[in-house]
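Presented sequentially are two complexes of chain A, the first with chain B as partner and the second with chain C.
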Partner chain A sequence: MSILGTRVVRTEDPVFLTRGATYTDDLTDERLTGALHLTLVRSPIAHATITSIDIEAALAAPGVVAVYTGADCDLAPALLFPAANKAMLRPFLATDRVRYVGEAVAAVLTEEAYQGEDAAELVDVDYEPLDVVVGMKDALKDEVLLFPEAGTNSVTKMHLAKEEAPEDLFADCEVVVSKEILNQRVAAAPLETRAASGYWGEDGRCTIFCSTQNAQSARDEVAGWMGIDAKDLRLILPDVGGGFGAKIGADPEFALVGWLSKKVGRPVRWNESRSENMTGMVQGRGQLQTVTIGGDRDGTVKAYRLDVVADAGAYPRLGVALPMFTRMMAPGTYDIPKVWSTAKVVATNTTSTAAYRGAGRPEATQAIERAMDLFADAIDMDPAELRKKNVVKPEQFPFTTKGGAEYDTGEYAKAIDLALQAADYEGLRAEQARRRQEGGPLQLGIGVSSYVEITGGGAFVENATVEVHADGTVTVLTGTSPHGQGHATAWAMLASEELGIPVDKITVIHGDTDLIPKGAGTMGSRSLQTGGIAVHNAAVELVELAKQRAAEQLEANVDDLVIENGTVQVKGTGTGVSLADLAGADELKVFHEWDGKKPTFPFGAHVALVELDVESGKATVERIWAVDDAGPILNPLIFDGQRHGGIAQGIAQAMLEEVVWDEEGQPLTATFADYGIPSAAELPSFDLVTMETPTTINSMGYKGIGEAGTIGSCPAVQNAVIDAVSHLGVEHIDMPLTPLRVWEAIQEASK
Partner chain B sequence: MKVEITVNGERTSADVEPRTLLAHYLRENVGLKATNIGCDTTSCGACTVLVDGESVKSCTVLAVQADQQSVTTMEGLGTYADGELSHPVAAAFRQEHGLQCGFCTPGMVMAAVSLIDENPDLTEADVREGLEGNLCRCTGYHNIVRAVLVAAGKDPDAAQAAGTEDKTIPPGFSTGKAEPSRTGPGEGDA
Partner chain C sequence: MIPVGFDYQRPELLDAALALLAEHGEDATVLAGGHSLLPVMKLRLAAPEVVIDIGRLAELNYIRLDGDEIAIGAATRYRDLVVSDVLAQECALLPAVARTVGDPQVRHRGTLGGALAHGDPAGDLPAAVLALDGTIVLRSPRGERRVPITEFYTGVFSSVKEPDELIVEIRLPRTGSTGWAYEKFTRRSNDWAIVAVAVATLPSGRRQLGLVNMGSTPLRASATEAALAEGKPIDEAAALAAEGTEPPQDNAGTPAYRRHLVTVLTRRALQTATA
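== the complex of A and B ==
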């Protein structure tokens, strides 16, 4: 019986549940013996020139070994995103100017961690405040410039539409609706903050242990920043405590750790606090969108326009690239004849942006799914019906969209139907109508979303090495980089299926650039359809290799050989030789590089039910029914776990989370006491419905599931909350849908 | 200051600064790294341990306050041998996939141990409220709640269905079947 598709509990868990995982800050590696603790002095001002820095008092404090400022740092300021304005360079320690609260200004090295916090307080920095720009619209005015030498806050022209919007875009539409909506800034907030430890070996090579989602590209980035050859840098990932996109690539602090270690000639450890993390770690979303949708009263959507302004924060990073996905996925699941989009990216005196679960695609989905509800409302049509009428039909696949994506496979209307059926949509609508008629304070809102997203969109190539050892155990080396996704189990299942060796004898290794020099890591829900396929293919090749060797040894025809329980056997006889014995005779190892060449497009539909108290504005998510189709399911336990986490983060963005700065650029949400990360008490259990439509781009049919839940749930919940008050005249409320915002919207609509 | 703390049944002692947090004492002085620190505002609960049997956030307790007391961390909870986790809470977390990246897990497990100890007759709502002080960013809590219910001897499917019925939605169209359906397309989940 095949192990694929079965519920296998994770091989990671026994260690995680006894002595605990080993994160970067947990390392007791002897190579880090005698490490100094790095504490960074960070700017408390959002925009200022630095007039002086006095480190004398800090140098004299107990346990202080060294204090360095930007003047001491010979790492060249770096352009953190290649396509950004070339003047928008980030120094590793600020020299003359700071551009956001949390920017590193000085580095304090101490024997003990507590001493670092004390000494950092004693570094005396004089700031001359400058005007601050926080809002995206204000930044576009170019009145306050972050980089005067750039002459503009505009970061890139890469996402501007090639041509002006056609004047007749909406000319043949009976109804046109337009709305400005904010996809607010949110914090990824993995429970493990950023961390790195580094030392230099006697061979002149630097080793950095760090928390990231892709060791190999982080190695290349850090080496570049440090000005050393990539072969002289080894990155090792201990366990990583969540990433959600914010740990893609390296952080400048990693290079500082390497540089400081060389400068002082001792190992250096750095582990940021949560308050540092909430301003220092890259954040997600942050798009101001204007949606315009047009069509006929019969529910035919004919044209859609999306104008985006994306917030890069102070120093442009990966966030600059993400409007590419937003524009590509703009039309969502719908076959809309005319689509036009454009995006500007602007720098502000805030934390830099990058990927957060979905990374550009949730922004597209939120926009089109709000637009569909606005249009449904305008023509007085049921929003689920409107969606089903306009989705791409099964016979249209592969379908090239007006956004330029080639959707591989999908059954969008069926997904909507499954979600509606699971929710008893008609029953919910009847109950909603009853409550509206009664007029009590507790009203129901029902939200629907239909979504398609792109997985494996960033990097199509991944590799794996599978090796059988003489003792019958197996090692799998992978270029993916799990941080909660269970690859140790899932990749072992893929190898086990081919080799006939049980999962508990298979060890999966990742994240050591000396052992695995190539690899693209884990992001964009890419791992299974790239790294998983590479493991599968490597295992298939290894079996072929083993059969050839066994054929010689057994004097049999290769075609007569089968694998059973880790043994190559001659069909129908008792004769055979084990993979272990073959490995004992000669190395039994296969490296495979797989290039999928294309991304895949998972899809689904969610229905959310909220109960909303119209007197207080408080909405509660009561239920969510989710259809998430990412092709065949390798392990339902892990698959559904990814959906649960994704759904929770989508609900959290809709209801609770927002990174907020005041006008002076002071962060108001820099701790977990202020930022609305949800607890178990704020979330319901989730109702999941299975649907499995294989992709055509790989032999196993696998698509990615990591981000789907977030992409589907967030618009369903926002639509549900607005639906709960739509009978009061409310058309739209920006996220997060806090009681205050909902209450204000009700009051505004009643005027 | 000198402190003597029994940790997982073993006597430990050290001279510590008065400001040393219990979490740091456990990690740095005793060398037990399962107890994680995820925030600096007592919000996340990753550092939850038992002090004389009661769950506390060890980032909010000074080591000196735990002097002469007994602390249990996840390392002291049980073992893994012959394919089995010996402690029922740990076993249930694995069985129900109540952990992903693992960072919140030691604190979550210790909070769950304490919760079950305090109230053996837990409902889904009890579990959700009881774990309010422990944040997880990976699981959406769905499977953590199930794991705690299982460890408490409850049927998680029944408990989650009952939790739905408790809500203001009238019965009849909200069956609350939370176990992911493995039915084929068309059969739905309701």
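== the complex of A and C ==
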């Protein structure tokens, strides 16, 4: 029986659940013996010139070994995203100007961690406040500039439409609806905050232990910043406690740790506090969108326009790239004849933005799914019906959209139908009508979303090494970078399937750039369809290799050999030789690099039910029915786990989470008391419906599931909440749908 | 998130704690459950030189009947309020309110005296004790005094308590197991209240309301109480709940929203309390 598709319990969990993970800050590695602790003095002001920095008092404080400012730091200010305006450089320690609250201004090195916080308070920085720009629309005005040298807050022209929107875009439409929609800023807030520890070996090489989602690219980035050759830098990832996209690549602090370690000649450790994390770690979303949708009264959508302004924060990073995915995925699951989109990216005096579960695609889905509801409302058609009428039909695949994406496989209407059936959509609508009729305070809202997303969109190539050892154990080296996804289990299953060796004898290793010099890491739900396929292919090749060797040894024909329980056997006879014995005789190891060449397009549909108290404005998500189709399921336990986390995160964006600054650029959500992370109590049980449509781009049919839940649930929930008050005249409410916002929308509509 | 260095004292006896407090005066801070104090120390918003831990003083940990009243030691934890049989029968509002505080960890650490001393206008317990017309017993080496909670708070996080005084006891009327309600309105289950309303029915039959997060101190809904005393219907009385309040503005609510919310919650609380 095949192990694939079975519910293998995660091999990584016993340690996580008992002793706990070993994160970067937990390391007791002897190479870090005698390490100094780095505390960063961070700007309390969003925009200011630095007129002086006095470190005398800090230098004299107990335990202080050194204090450095920007003036001491010879790391060249870096452009953190290549396509950004070349003047938008980030210094590793601010010298003349700070651009957001939390920017590093000085580095304090102490013998003990606690001494660092005391000493950091004694670093005396004089700031002369400058005007602050927080809102995206204000930033577009170019009145307050973050980088006067750039002459503009505009970060890039890469997402501007090549041509003006055609004047007749909506000319043949009977009905046109337009709305400005905010896809608010959110914080990844992983369990493990950012951390790095570094030391220099006698061989002149630097080693940095750190928390990231992709060791190999982080190595290249950090080496570049440090001005050293990438081969002189080794990155090692201990357990990584969540990333959600915010740990893609390296943080400038990693390079600072390496630089400081060289400067003082001792290992250096850095681990940030939660408050630091809430302003220092890159954040997600942050798009102001204008959607315009047009079509006929019979429900045919004919044209769609999406105008995006994206917030890069103070120093442009990966967030600059994401509108590319938003534009590409703009039409969603629909076959819309005319689609036009454009995006601007602006710098503001806030924390930088980057990827966050879905990274650019959820923003597209949210926009089109809100637009579909607005259009359904305008033509008085059932929103589920409208969606089914306009989705791409199964016979149209592979389908190239007006956004420029080539959808591989999909059955969008079927996914919607499955979700509607599971939810008893008709029944829900009847109950909603009954409640409206009765007019009590508790009303129901039903929201539908249909989505398609891109997985493995960033990097198509991944490698794996599979080696069988003489003791019968197996090592799998992977270029992917699990930080909660369960690759140790999943990759072991893939290898086990081919080798016939049980999962508990297979160890999966990742995240050490000396052992695994190449790899693209884990992001964009890419791992299974790239790294997983590489493991599968490597294991298949290893079996072939073993059979060739066994054929010689057993004097048999290769074609007569089969593998059973880790032994190569001559079919129908008792003779054979184990993989372990073959490995004992000669290294039994295969490296495989797989290039899928293309991304895949998972899809699905969600139905959300909310109950909303119209007197207080408070909405509660009662149920969510989710169809998330990412091809064949390797391990249902892990697959559903990814959906659970994803759905929770999507609901949380819809209902609770938002990073907020005041007009002065002061963060108002820098603690967990203020930032709306959900707990289990805020979430319903999830009703998961299975659907498995394989992709054609790899032999196993696998697509990615990491982000799908977030992409599907968020619009379904937003639509549901708005639906609950639509009979009161409310057309749209921006996320998060807090009681205050809902109440204000009801008040506004009743005017 | 590391506090400024401090001296830690954990006296075994109440008198010793009082003596230490008198000795160090304003340089000292009392630590009870630590669930308000430690966060502000870690954020370096407070930096006491001496921390006097009273959390384990057995002398301050009790719930007992005392004539017409219930006496509760100041260091009694929320969790002990929640499971108390005495309170369930004699003052059921208090445990019901305590049950809504934070999460189980918070409830196993936080104390009634700490909550009252801290006096957060968004805190649950001060408003409940206010609705109940409780009395706060303060003690210092100079002696003991009893302050009705209606006269205790003077502003945001400030009260008539002198730096050398400890809250040692909270005295509440025996209001029984009925006639109460607590409507706490939050975004997340373990959040602080955006607004909350506590209703108690005193032995005299008078219904009193304590409001959470409607001003710089916990407040009574005086106009509502007066209307109820005049026999006005619940709807009418509840509509007056925002009178005399000055609710704050923050991410979760505008003053206008809170004024509205308090009337809704007051109506619901009164309906529950009378049901």
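We take it that the second predicted complex is superposed on the first by the 751 of 751 C-alpha atoms of A that agree within 3 Å, B and C clash if a C-alpha of one lies under 4 Å from a C-alpha of the other, contacts with A are read in each partner's own complex, and residues count from 1 in each chain.
The definition used in the following text is that contacts are C-beta pairs under 8 Å (C-beta built on N, C-alpha and C of every residue); 3 or more make two chains touch, one makes a residue touch a chain.
These numbers come from a predicted model, not from an experiment.
**Student:** Could you tell me whether chain B and chain C fit or clash when both sit on chain A in the superposition?
**Tutor:** On the shared chain A, the partners fit.
**Student:** Quick one: chain B or chain C, who's touching more of chain A?
**Tutor:** B
**Student:** Determine, under the contact definition given at the top, whether A:S273 touches first (chain B), second (chain C), both, or neither.
**Tutor:** Touch partners of A:S273: chain B and chain C.
**Student:** Between chain B (first) and chain C (second), which does A:V717 come into contact with in this model arrangement: first, second, both, or neither?
**Tutor:** neither
**Student:** Using the superposition on chain A described above, determine whether A:A255 touches chain B (first), chain C (second), both, or neither.
**Tutor:** The answer is neither, since A:A255 touches no partner chain.
**Student:** Considering only the touch criterion stated at the top, classify A:D118 as touching first (chain B), second (chain C), both, or neither.
**Tutor:** In the superposition, A:D118 contacts chain C only.
**Student:** Identify the partner contact of A:L609: answer first if only chain B is touched, second if only chain C is, both if each is, neither if none is.
**Tutor:** Only chain B is touched by A:L609; chain C is not.
**Student:** In degrees, to the nearest 10, note the angle that opens at the C-alpha centre of chain A toward the centres of chain B and chain C.
**Tutor:** About 40 degrees, rounded to the nearest 10.
**Student:** Using the superposition on chain A described above, determine whether A:V660 touches chain B (first), chain C (second), both, or neither.
**Tutor:** second
**Student:** For A:L322 in the superposed arrangement: first (chain B), second (chain C), both or neither?
**Tutor:** So A:L322 meets neither chain B nor chain C here.
**Student:** With the two complexes superposed on chain A, say which partner A:E744 touches: chain B (first), chain C (second), both, or neither.
**Tutor:** Second partner only, chain C.
**Student:** If we overlay the two complexes on their shared chain A, which of chain B and chain C does A:A384 touch? Say first, second, both or neither.
**Tutor:** neither
**Student:** What is the minimum C-alpha distance, in Å, between chain B and chain C after the two complexes are superposed on chain A?
**Tutor:** Nearest C-alpha pair, chain B versus chain C: 5 Å apart.
**Student:** Take the contacts of chain A with chain B and those with chain C, and give the residues found in both.
**Tutor:** After superposing on chain A, chain A residues 113-114, 273-275, 673, 679, 681 contact both chain B and chain C.
**Student:** Going by the contact rule at the top, pick out the chain A residues touching chain B in the complex.
**Tutor:** Touching chain B from chain A are residues 9-10, 12-23, 26, 28, 113-114, 189-193, 239-242, 244, 273-275, 414, 418, 421-424, 427-428, 431, 442, 444, 483-486, 504, 609, 611, 622-623, 625, 636-638, 640-641, 644-649, 671-673, 677, 679-681, 683-692, 709.
**Student:** Using the touch definition up top, name the residues of chain C that touch chain A in the complex.
**Tutor:** The touching residues are 1-2, 4-5, 43-44, 185, 187-192, 194, 251-254, 257, 260-261, 264-265.
**Student:** Considering only the defined contacts, which chain B positions touch chain A in the complex?
**Tutor:** Answer in residue numbers: 17, 19-20, 24, 27, 31, 33-36, 38-44, 46, 74-75, 77-80, 83, 85, 90, 93-95, 97, 99-106, 109, 124, 127-129, 131-145, 160, 163-164, 167-170, 172-174, 176-178, 180-186, 188-190.
**Student:** If you look only at chain A, which of its residues touch chain C in the complex?
**Tutor:** Residue list for chain A touching chain C: 113-114, 117-118, 121, 273-275, 615-618, 656, 660, 668-669, 673-674, 676, 678-679, 681-682, 738-740, 743-744.
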